[in-house]
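Right, I'll just put the structure down here and ask away after.
The first chain written gets the first letter, and so on, giving A, B, C, D, E and F; residue counts start at 1 in each chain.
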Amino acid sequence: MQISVRNKLAGTVKEVKLGAVMAEVIVQVGDNQVISAITKDAAEDLALKAGDKVTVLVKSTSVMIQK
Amino acid sequence: MQISVRNKLAGTVKEVKLGAVMAEVIVQVGDNQVISAITKDAAEDLALKAGDKVTVLVKSTSVMIQK
Amino acid sequence: MQISVRNKLAGTVKEVKLGAVMAEVIVQVGDNQVISAITKDAAEDLALKAGDKVTVLVKSTSVMIQK
Amino acid sequence: MQISVRNKLAGTVKEVKLGAVMAEVIVQVGDNQVISAITKDAAEDLALKAGDKVTVLVKSTSVMIQK
Amino acid sequence: MQISVRNKLAGTVKEVKLGAVMAEVIVQVGDNQVISAITKDAAEDLALKAGDKVTVLVKSTSVMIQK
Amino acid sequence: MQISVRNKLAGTVKEVKLGAVMAEVIVQVGDNQVISAITKDAAEDLALKAGDKVTVLVKSTSVMIQK
């Protein structure tokens, strides 16, 4: 199965913070840290925890450019 | 000036494709290619072209995780 | 592999319209039509065409409610 | 009044979870469940509760395709 | 009918640019111009044209802050 | 430095509400209030508080039109 999302960056989960509804997931991607805000339910369904090998996904229409 | 956007990845523009309304910008970020879909007007205002040093910005709520 | 995206609706592609940069994909999901705007490159990479069985994905933070 | 949003799916609220800032709303749409993450203020302004007849709205640029 | 979208700004359409798939709509909101990128089909369904009184809608999770 | 984001509205922070993971920031922009949902970490990094002069940013692809 293939997904239309253009941006797929491999990384390692550094930290997961759970709120009441949302969760923040910090992923190390090469030299950068990428922060993801997903629902707590999603974080729990994937059982996300530090050390997990994951792929960060971003739709092209959500990417901005600064120059 | 600081911006609330959490994800800021430095890279180099590889290619800019202009459509009638939208533009696609391909940015090399380390070993990854990041694709951005912005308006043609935005691409022209920033005069984006191959070789430009840019920063790719993504709001945390737009980042998904695959495991 | 599992994805954090909460909303996954199975459907059938009805039509694909290609522009210079973007593409519009119309998917029949039960009694509803769901419209997706993705990059033309994504539509071509997935070789999307009428009749394809696909899954429509939407991040929870992109869903609004009207009452 | 008409809205530019392409995707409008009729459903019934199954559950509303309130956090400090955000709320998660689970809507039954035909055979599918659709999850929406909106602000708690929005959930309270609409007085969303189980049993409410609602319409789920999604902008086309937020819809991804998996094949 | 009420919508969960928090941000609703009244304005007047200044210009509509149609592409093959997408459209750009420029709306005067007080002293500011707001640019919207929607599908061409949406722009045509609403028959958007210069002079139209419209409301610009933005979900809170799409709003960033610069300081 | 310039950013591809088309919509930049100057305003004044009226209130900041911090949750466990997310924060809601209410900004007065002319006669309108604009609500932003960002991560708590972003709100703290910018030290956002009532009275701050800020700029609200919205990507064009996140703007909808109601007529």
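In this text, a residue touches a chain if its C-beta (ideal position, glycine included) is under 8 Å from a C-beta of that chain, and two chains touch if they have at least 3 such contacts.
As the structure is a prediction and not an experimental result, all values here were calculated from the model.
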Chain-contact steps, minimal, separating subunit E from subunit A
2
Which chains, if any, touch subunit A and subunit F both?
B, D
Could you quickly compare B-C and E-F and let me know which has more C-beta contacts?
E-F
From subunit C, the most remote chain by mean C-alpha position:
F
Give, as an integer number of Å, the spacing between the C-alpha centres of subunit E and subunit C.
22
For subunit B and subunit F, what's the span in angstrom between their mean Cα positions?
21
Where in subunit C do residues touch two or more other chains at once?
2-6, 19-22, 24, 35-39, 41-42, 46, 55, 57, 59-62, 64-67
In graph terms, with chains as vertices and touches as edges, which category applies: line, ring, star, complete, or other?
other
Under the stated touch criterion, can you name all the chain pairs that qualify?
A-B, A-C, A-D, A-F, B-C, B-E, B-F, C-D, C-E, D-E, D-F, E-F
Residue positions on subunit D within touch of subunit F in the complex are 1-5, 19-22, 39, 41, 59, 61
In the complex, subunit F touches subunit D at residues 17-24, 35, 37, 61-62, 64-67
Per the touch rule, the subunit F residues reaching subunit E in their complex are 5-9, 24-25, 27, 29-32, 34-38, 42, 46, 48, 52-67
Could you pull out which subunit E residues touch subunit D in their complex?
2-6, 36-39, 41-43, 45-46, 57, 59-61
